[in-house]
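After the structure tokens below, expect a handful of questions from me.
Here the chain labels run A, B and C in written order, and each chain numbers its own residues starting at 1.
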Amino acid sequence: MIEKKITLGKIVLFIILTLGALIILFPIFWMVSTALKSAPEVAQYPPTLLPEEPLWENFAIAWQKAPFTQYTINTLIIVFFTIIGGVFSNSLVAYGFAKIDFKGKKLLFKVVLATMMIPGFITLVPQYVIFSKIGWVDTYLPLIVPAFCANAFHIFMMRQFYRTIPNELIEAAKVDGAGHFYIWGKLIMPLVKPVLATVALINFKGAWGDFQGPLLYLSDRAKYTLQLGLQVFKGEGYTQWNYLMAISFLSMIPILILFFCFQNYFIQGMNTSGAVK
Amino acid sequence: MKKRISVLCLAAAMILTAFSGCSSSDSQSSGSAGSGSESNNTPTETVELEFWGWWSSDARKPYIQEMVDNFNESQDQYKVTYVDIPFGDIFTKNIAQIAAGNPCDIMANSMEEVRFRANEDQVEALDEYITDDIKSYFYDQYIDACTGDDGVLYAVPYSVDTRAIYYNKAHFEEANVDPASIQTWDDLIAAADKLDQKDGDTWTRVGFMPVLGNGGVDTWMINANKGVAWFNTETLEPTVNSDVNKDVLKWIRDRIDHYGQAEYDNLSAAFSSGMTDPFASGTISMLVHTSAYTSSLAQTAPDLEYGVIPLPEYKAGNGHTANGGGFVLEVPKGAKNVAASCEFIKYATSKDTQDFLATKIGDFSARNDFDDSSEFFQNPITQDLAKCLEETSTVIIPNEIKGYTDVINPLIEEGTLGITDTDTALDNAQKAFEDFVASK
Amino acid sequence: MFSKVLGKLGIKTNQGRETFYGYIFILPWLIGLLCFTLGPMIFSFITSFADYNMRSIEFTGLDNYIYMFTKDQLFGKSFMNTLVYSLMNIPLVTIGGVIVAVLLNKTIFGLRTFRTIYYLPSIMVGVGTYFLWMLLLDPANGLVNAALSVIGIDGPAWLTDPNWTKPAIVLMHLWGLGGQMLLYLARLQSIPNDYYEAASLDGANAFHKFIKITVPLISPIIFYNLVIGIIGSFQVFQEGYIFSGNGSGSPAGSLLFYNLLVWNNAFKNFDTGYANAMCWFLFAVVMILTVIVQKSQKKWVYYEEGDNDD
């Protein structure tokens, strides 16, 4: 009796989720469909749902239009350092704000929150001037170094997670003579691995998809990133949508695979309550 | 644990130094200011110059690149690199670089706002290098647009454009419309009515809708007013709700009503998505667009047979005035080698180069020393567009009232979209313009 | 490593040690603040009282602020546009995120795939996505209106009708709520099953359990997303810039968001001083809203450690 009820509920749930999934997938389907069309067919009005004849070679042609292999490597370099810097610095700073009681903490955390609220345009030009004066323009440093200085949004997010970890855990460790670095590294970090993974993922996404930063700071074509490379398809008054969509789709795949494989890591239980018991 | 952290810090520090190390050597060799090439074999130091534009499509970029390469080969003093940066973002990056005191050397920009940028001290004066004899090879109106309020030249015209009506030849033949017969707005509507096709309640072919493509309310206002429509060019007083303007906006709205708001919404959305093109697909028969539209049609509808006619006259004898603009080459404020930059600008705007660009890309030149012998002018479409160019008005907004369009356009658009009555929309815009002038 | 330093500094009290360690932990952020953020902030604050165009500066006192509040016809319009959009966007995306997370927290066939699919939109970056949505929102041939017509609704002209442009953007954001969902999911997974089992024994139904157990336990994340949502919504820019085609905020100024006006002033009109003044006003508004949410936190956000006082 009970089992049957569960099954029925699950079927309904399954149908709802499937419908939702179809809606979500449609734009991506359109993306691929556009990628496979010829230029005149893309412009056709009303648009066609499926390409008359799928041009699979579009993917290869698009990849040849710019040194995309080089751009991918460049992007990966930036992504790599951004993730290392982001995970390390944010978890450290967030621990400080969540679990250490120090003078001026409240005020400084308000500053953290305040820096999140600063409209980006305010700092855009002055920051550029600073990086320019220290000779970092046209290097990856302006894109990487700030990641090592933590990010207000991520500090805030990680702190929210840290705060759900009972203080007793830390107090008990302190009684045992552990210092903060030990508690942070050995006790807390393992507990918040999923959050660390999430921060890593967000950093990956951010660095992978960043357009404004590389655009502003990189000039040498050999240093371009994928997102900058995509601009090769965007002309004035005319865009090569099929190629743009082809590369956009390809550039999504790494994050997709990453997420699919490690999703348990991102969302697995933090087991904080388990640790208490 | 402590040990591990210090190791980590050390590693991070090493990586950073490694990065800054390789970066500094990189920036030396590719510095935009042109610190000279590293190889000391050449006796004279080559000046490296960066040329920024947003032209990145296959239809343009390869030819611009070729032009730049030709320049580099023609002499060994300067080496220009073309960098394409997306439109919009190019301005953000340029301003950041100007603020940092290290901008690019040559930049493409819009002709309509040279005077404004000069006034805001964003561009270098070029008078010293672009002498009067060079200037004399360009049409006066374009040189005028490149001249600041102080009478100094701040840019050199690179290409100009105009607007015309593109028509679908097959539709015209089928509906038995002679393109030459479209001389006035009334003729235009008469032709459109013949071209219209309806299946029940849905339009299967739209003859002509005025504010689609690259034609806006401005296009028709300028056409009817034979130039500036929104203010008096002498006194700078707003004239938004003049009788002519009210008549024009009502005409536009009537035309949209003829097809229905829904049809306008559909077609307008199709154009703005940037992907689909109802003219290329034969859904609409006539469309206002710039002279640059030919290169995009070559990609999206290579088989389409189309022709070009000038914008018709508001009333017989009023003239076929079209609104157009253009692009210039200029030197951002603070660039290190203005003289060298001007050498490239002179090359890019020379007769031969302009002929090359026109033939390959299809852009019109602002130079006055072309004759019909150029290959470019052999194309019949080009010949028709060239006629439109002769009646083109390039509106330069005076610095005193710069920014007024941001204030009045949304209000006028309410009229176009039928949210407010067209007369009221223009009255509102007039009031807003007056308030704007008062607040300056 | 640090105990020697502490000794040298003469820090002996427990509080002193905590403060010392506190600053060591937040050092990366402090360095970033001092090197990259503080200077630009101060600079922009000062220039907000000046006529400044990156080239020359002339102090004009409160003129920028006076012009903003009394004379700029676009300021009020852009602010209202942003406010209306935020009031739609924040609640809908938050509620949507929670619901999807709860649904995806069940055990069901194909869960892994579902989670990946629902997360997928949030990794679609770049302007291509916006243009895809312009096609989806096409009044005649777009999928959205096609789907609506199936259930008998005649869909609006999303991006050409000034009344529907903001809902269109909210719709696009609902599609991309996977990022938020992931955070809720991470928190939901850490809720022990015994909580729900105990509630079931007390006869609570699914809705009760959701309200009494789920919501309080994920409230820290809701709080986080709310704050982020306020900050993000008020700074909406890209959507308005791309959907209006030319950054003008058309149709009829309905997409002229606050930050779009800032961008136009700073990078098209070279009116950086004024743009900075606008930024600081926005900063103040967002700050006040965040403080209000922060104060309300005591009433509804549940932390296991029990201290809600900041």
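Methods note: a contact is a pair of C-beta atoms (placed from the backbone, for glycine too) under 8 Å apart; a residue touches a chain by one contact, two chains touch by 3 or more.
Remember, it's a predicted structure, so these values are computed and weren't measured experimentally.
Student: B-C versus A-B: which has more C-beta pairs touching?
Tutor: A-B
Student: Can you name the chain that lies farthest from chain A, using the mean of each chain's Cα atoms as its centre?
Tutor: B
Student: For chain A and chain C, let me know how many angstrom lie between their CA-based centres, rounded off.
Tutor: 15
Student: Between chain B and chain C, what's the gap in Å when you average each chain's C-alpha atoms?
Tutor: 35
Student: Touching at least two other chains at once: which residues of chain A meet that condition?
Tutor: If we look for residues of chain A contacting two or more partner chains, we find 34, 45-47, 88, 125-126, 148, 181, 234, 241.
Student: Which chain C residues reach two or more other chains?
Tutor: 2, 54, 131, 135, 138, 140-141, 266, in rising order.
Student: Among the residues of chain B, which are close enough to touch at least two other chains?
Tutor: In chain B, 2, 92, 95, 99, 270, 274-276 touch at least two other chains.
Student: So in the complex, the part of chain B that touches chain C is made up of which residues?
Tutor: Against chain C, chain B makes touches at 2, 6, 88, 91-92, 95, 98-99, 117, 120-122, 261-262, 264-266, 268-270, 272-276, 333, 402-403, 406-407, 409-411, 413-414, 417, 419, 432, 435-436, 439.
Student: Give the list of chain B residues in touch with chain A in this complex.
Tutor: 1-2, 4-5, 8, 12, 15-16, 19-20, 23-24, 26-27, 30, 32, 50, 54-60, 83-87, 89, 92-93, 95-97, 99-102, 270, 274-278, 280-281, 283, 290, 292-293, 295-296, 299-303
Student: Show me the residue ranges of chain C that touch chain B in the complex, using the header's touch definition.
Tutor: Where chain C meets chain B, its residues are 1-2, 53-56, 67, 71-74, 77, 131, 134-135, 137-142, 157-162, 241, 245, 247-253, 256, 264, 266-270.
Student: Which residues of chain A touch chain B in the complex?
Tutor: 34, 39-40, 42-47, 81, 84-85, 88, 124-126, 128-129, 132-133, 135-141, 144-145, 148, 181-182, 185-186, 212, 215-216, 219-221, 223, 231-232, 234-241
Student: In the complex, go through chain C and note every residue touching chain A.
Tutor: 2, 15, 18-26, 28-33, 35-37, 39-41, 43-44, 54, 100, 103-104, 106, 108-110, 112, 114-129, 131-133, 135-136, 138, 140-141, 143, 147, 175, 179, 182-183, 185-187, 189-192, 220-221, 223-224, 227-228, 231, 235, 259, 262-263, 266, 272, 275-276, 279-280, 282-283, 286-287, 290, 303-305, 310
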